[in-house]
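Pasting the structures here.
Shared between the two complexes below is chain A, which pairs with chain B and chain C, respectively.
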Partner chain A sequence: MTTVHSSSWGERKLPPYILMLFPAVAFMVVMYLWPFITSVAQSFFLSSGSDKSFTLANYVKVWELYRKDIVFTFGVTLFNTALVGVVAVVFSVYFRLRQNRVSALLSAIFKLPIFIPFVVVSQMMNSFLAPHGLLNTALAQLGLVDLQRPLQLFNFAGLSFGFAWKQIPFAVLIIHGGFQMIDNSYIEAARSIGAKLPSVIVRVLVPMNKSSIIVALVLVYSQIIGTFTLPYMLIGGKTPTTITVDIAHRVNYFRDFGVANALGVCSYILVLATAVYYLRSKVKEARQEVSR
Partner chain B sequence: MNKIWKKSLELALLVIVFLVVIGPMLSLFLWSVAQKWYWPSPLPQTYSLDYWAQALGLKTSLAIGAVSIVGAFSLSLMIAVATVVIAMLIAIPAGYALAKYKIPFGTILLFLFLLPNAFPQQPVFVNILQTFTRIGLSGTVPGVMLIHILVGLVYGVWITNATFRSIPPSLEEAARSVGATGFQAFYKIALPLAAPGLFSSAVFVFLTSLDEFTGTFFIGLPFINTLPLTLYSSSGYNMQFASVIALLLLIPSVVFMLLIQKVLKAEYVGGMG
Partner chain C sequence: MRKKSIFVAFLIVLAFGLLSVQGLAAQKTRMIFMTAGDVNMLALGQNVFAPGFMAENPNVQVTTIHTGPGNAGSQTIFEKLLAEKKAGKTVGDVDVALVHEIFMKWAMDENLLQPYAQMCNTWKYVTTPFAKVDLGVKVEGYVMPLFMSQTAIAYNPDYVKNPPKSYAELADWVKKNPGKFGYNGIKGGASGVAFVMGWVYAETGKYQKYAVTGPFDKAEVASWEPVFKDLKEFNKNVVITAGNVGTLDALNRGEIWMGPVWVDMFFTFMNDGKLDPKTKLSLPEPGMPGQPMFFVIPKNAPNPELSRKFIEYVTSPKVQANDIVMRFNWYPGIDGSALKGAIPQATFDKIYSDVTPADLQKKGLAFPLADYYSAILESYERWAQ
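== the complex of A and B ==
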């Protein structure tokens, strides 16, 4: 046995895929994996001074200065994930059950926010939600807002509006795709035994479409935690702000990579559960495709 | 009566949703053509295309924050084209190999290309900045290109991989059986069949580069001003200018994405910009 193997080793050519994969894998290891690992490792060392020993000082500083921002980030993310989940399911159901000209027009308009990059969304929200922006003046025309005391939206509320504006259509795209897989006969069967619309949604449609709803929520959740543009352009350095903005401040004003990395690790921890779920489901999906 | 009530409720809800989706876009558009818009007027007092002309370098301006964006635009375009060429040259063979060969440790490789979507990327950019500062790449065009290639490569590998997976292996096997080499089978059979998917993938990588903000913010500033960074720096001073730039970024994104949306999985498009 062993002799056969060792002799064939000497003659065997390198499999062709090694050469094909090498550039991409090498690039990813150098430009992604290594910085990813160092971002965790560096958080345990001070970035300035000669003391290069293991320390938790960066995390102490994060706790002292930024614990409110971590709570804020988590709060914004949880709130928006829940909001996006509920609203996206309602709209997906609407698009699934009602096919007329109005819903067709609406679903076309719903595509736009998905394709608009975050940096443009940020500028949009920056002008739209400003104290003297279009939203406030329009609401004032309707008599809903006193322009002397306009709605202040460069905070949790405005950030949530921006995230919801961008992410609800994205979630609808995924969730509606799942609803379209459900055969009409299930809905008709439930209806025929007297189920009202809300119970058709809760008892039939949502349970049958659980997996795509979870996928949408996992993606929305981890994207909100990691988004820098929108909070940076909307809230900036005001407190409370998000972890991503704090990281930028730490790096730009203090060149303090230690605390920046500790904040980064905090954002890794916030997405840990969704990251594990995402990676596991993707690997499972790939295995199924291979075995097919 | 009840039915009419329901119908009008549905219509009212639709109007509200319509306004909420369109409102921010309308705000952007109005600002880009507003010559004078003094508070508390609900609409601009005078309209003109002046700011478009100034931004596109057709007219010079002395207004604060007004710079011609022709430079930033061509820089962004140049970086995006280079990013597409390099990222696709790396991504196509990798996507093909992952689709056609049974690779040992394939799961680990898959993980490598999935990680950037599972975790926030900003801390990675911060650490690349540290390394790039040491080796003199921060604040340079090649440094920014490397970041854009990183962002685009992941999507490039996924989309090309899915494209090659959809081509039945029997076609290439048939070519091999009549004497074609592996490369010939790839070049003559798989590549033409995959062309639409590869093209969409290239367009997508192009857009991710054109719209990339976070990585460029850390690696490029203050020397490399791509279009998104120019948008950011003018948004504090000059609403009209920022709106013009935002629309210039918005139009290609929406147009191209509508063209290639059928080829793309929903989850790719969520993380842009």
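== the complex of A and C ==
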């Protein structure tokens, strides 16, 4: 089959509609693929000096100076993806099973953070979570916190709060959409044979909605890894910090695109893992569809 | 036939049109002012300097061109001038350029500038050492400083009665008051970077070598380990704030009592009501870095006389007082004492009461030479984190 295909390829005229693909493909190649390739390539060359030969020096520097930051970034991302996943599923289940005015109002309010840009969220969190910020002063009014020893939130905890605040609604939007597709009869059937709410969630809703949950988690995960403003404005100069802050530092202060790209490659690898998992599960799903 | 005559008529109209445009342009001399820096520098050129200068010189049309922030913006100007030189262009496009310090090193090496400063009628007001030798390059005569942005330690006098007079005293103070000094590290903005540079100057005592004379000695970097280990100890008792603004906010909210800031941001925040007006400034020994921006005139400037006139206008006590000091809260490029009559005494007292012009002359240091600058930042990441 394949041989016939390839031998006839030469004579076969491409259908004209293939041209319609050109703008999209060209855009992808120029705006994504090409920068990606040059970024990986540049990470193997020194960005200053006359020595233009292949080198691993940039990666050595990344290892020496930034390995803590890479681990930290990975930790923050993993933790927040899990947190966002769990909370988003719980809220989506609530919106799916309780359809009344309160839940409708809540789900409308809930969508607001999706439309607020990260830089605004960062500024907000900056004044909200500060040692003498809104949160701490409010808690102090209630007598829960001593302003001389306020909660310190410009760290992992505050960063997680910011990411969760911004990303949970986004994940809910996707996951809730998936839950809406599940017919009530499944839930009723499970209930009629005595399933309690937790087992309805774990054994019916979540498995039937697996694909949209994975999509949501993959998107949240890659967004968190790539976010610059929130970590920069919350924990900027602290150690450890995130990869994105380090990249900005290498470029702004050293104009060192070599190490910056090497750091970039590290974050591509972190993202690649999920992308591969995502693609695999998609392929598996497609196969199951076919075999069905 | 008819078509042809219409065409001819069109050509004649076009030719007259061009001639009249040419005529208009001949009436007004065009002047190109090219500036590096953030967008605020573009606004400064377009909205402040150009209209002001054109009001005094109605025959001149000043066009401001902006090349972008940071050293990269200065580099664009340098590349433009270098290209003109290589192309043998004896009459260039740029009349006046406003550049960062590092530009001077590049441009002086390539001999792209003309000496003009001593001919300016405002030269007599220039006292800053930056206008003589800058980043190890002899620039005297080639530059007029527009302003100085300076870093200093801001403190809350409610809690800090006697601010530390030196970095050593500051280290003691921090030990006694853990968590009350804050700076933004080196990744959150240049006020933290400036603080670290000052720390290295203080501990090594080699300001002259690192910032003025050079040359860069790579072997020396290893000897800094104890300097940064001390800084690491110091960091254990300080708060790392979220950026230049973060330090000012934390001071304002009373979270910290002391921290390094850019002086212009400090006064801007205060004027906007975003910083407690009680807050004060001090410059500890041996000083902290700041940076000027310089006016230069390219060697092939089309109207050097006019260029000089423009620079004289902007460095005059009147413009320096009204625009540089009162409007944008920078320290003036010219000596502060020259402004005494030009700005209200209250404003003068405000900007110079904590840090006097004499302090600035003595303790307003330069940032290190480029190689030392990078080496210090990287050593911080290696040993102080």
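Before moving on, here are some points about what is shown:
Operating definition for what follows: the second predicted complex is superposed on the first by the 243 of 292 C-alpha atoms of A that agree within 3 Å, B and C clash if a C-alpha of one lies under 4 Å from a C-alpha of the other, contacts with A are read in each partner's own complex, and residues count from 1 in each chain.
The rule we apply is simple: a residue touches a chain if its C-beta (ideal position, glycine included) is under 8 Å from a C-beta of that chain, and two chains touch if they have at least 3 such contacts.
Only a predicted model underlies this, so the values are computations on that prediction, with no experimental measurement involved.
In the superposition on chain A, A:254 contacts chain C only, with no contact to chain B. When the two complexes are overlaid on their common chain A, residue A:154 makes contact with chain C while staying clear of chain B.
Residue contacts after overlaying the shared chain place A:221 against neither chain B nor chain C. In the superposition on chain A, A:179 contacts neither chain B nor chain C.
Looking at the shared chain after the overlay, A:246 reaches chain C, while chain B stays out of its contact range. By the touch criterion stated above, A:65 is placed in contact with chain C alone, chain B being left untouched.
With both structures placed on the common chain, the touch criterion links A:95 to neither chain B nor chain C.
In the superposition on chain A, A:234 makes contact with chain C only, while chain B stays out of contact range. In the superposition on the C-alpha atoms of chain A, the part of chain A touched by chain B in one complex and by chain C in the other spans residues 126-127, 132-133, 233, 248.
For chain A in complex with chain C, the residues that touch the partner chain are 64-65, 126-127, 130-133, 150, 154, 232-239, 241, 245-246, 248-249, 252-255.
Residue ranges of chain B in contact with chain A, taken from their complex: 11, 14, 17-18, 20-28, 30-31, 39-42, 89-91, 93-94, 96-98, 100-103, 106-107, 109-131, 146, 149-150, 153-154, 157, 165, 182, 207, 211, 213-214, 217-218, 228, 231-232, 235, 239, 242-243, 245-246, 249-250, 253-254, 257-258, 261, 266-267, 269-273. Of all residues in chain C, only 70-72, 183-189, 192-193, 239-243, 246, 249-250, 253-255, 373-374, 377-378, 381-382, 385 touch chain A in the complex they form.
Those residues of chain A whose C-beta lies close enough to touch chain B in the complex are 15-17, 19-21, 23-25, 27-29, 31-33, 35-36, 38-39, 42, 102, 106, 109-121, 123-128, 132-135, 137-138, 140-141, 147, 165, 167, 169-170, 173-174, 177, 215, 219-220, 222-223, 225-226, 228-229, 233, 244, 247-248, 251, 257, 260-261, 263-265, 267-268, 271, 274-275, 278-279, 282-283, 286-287, 289-290.
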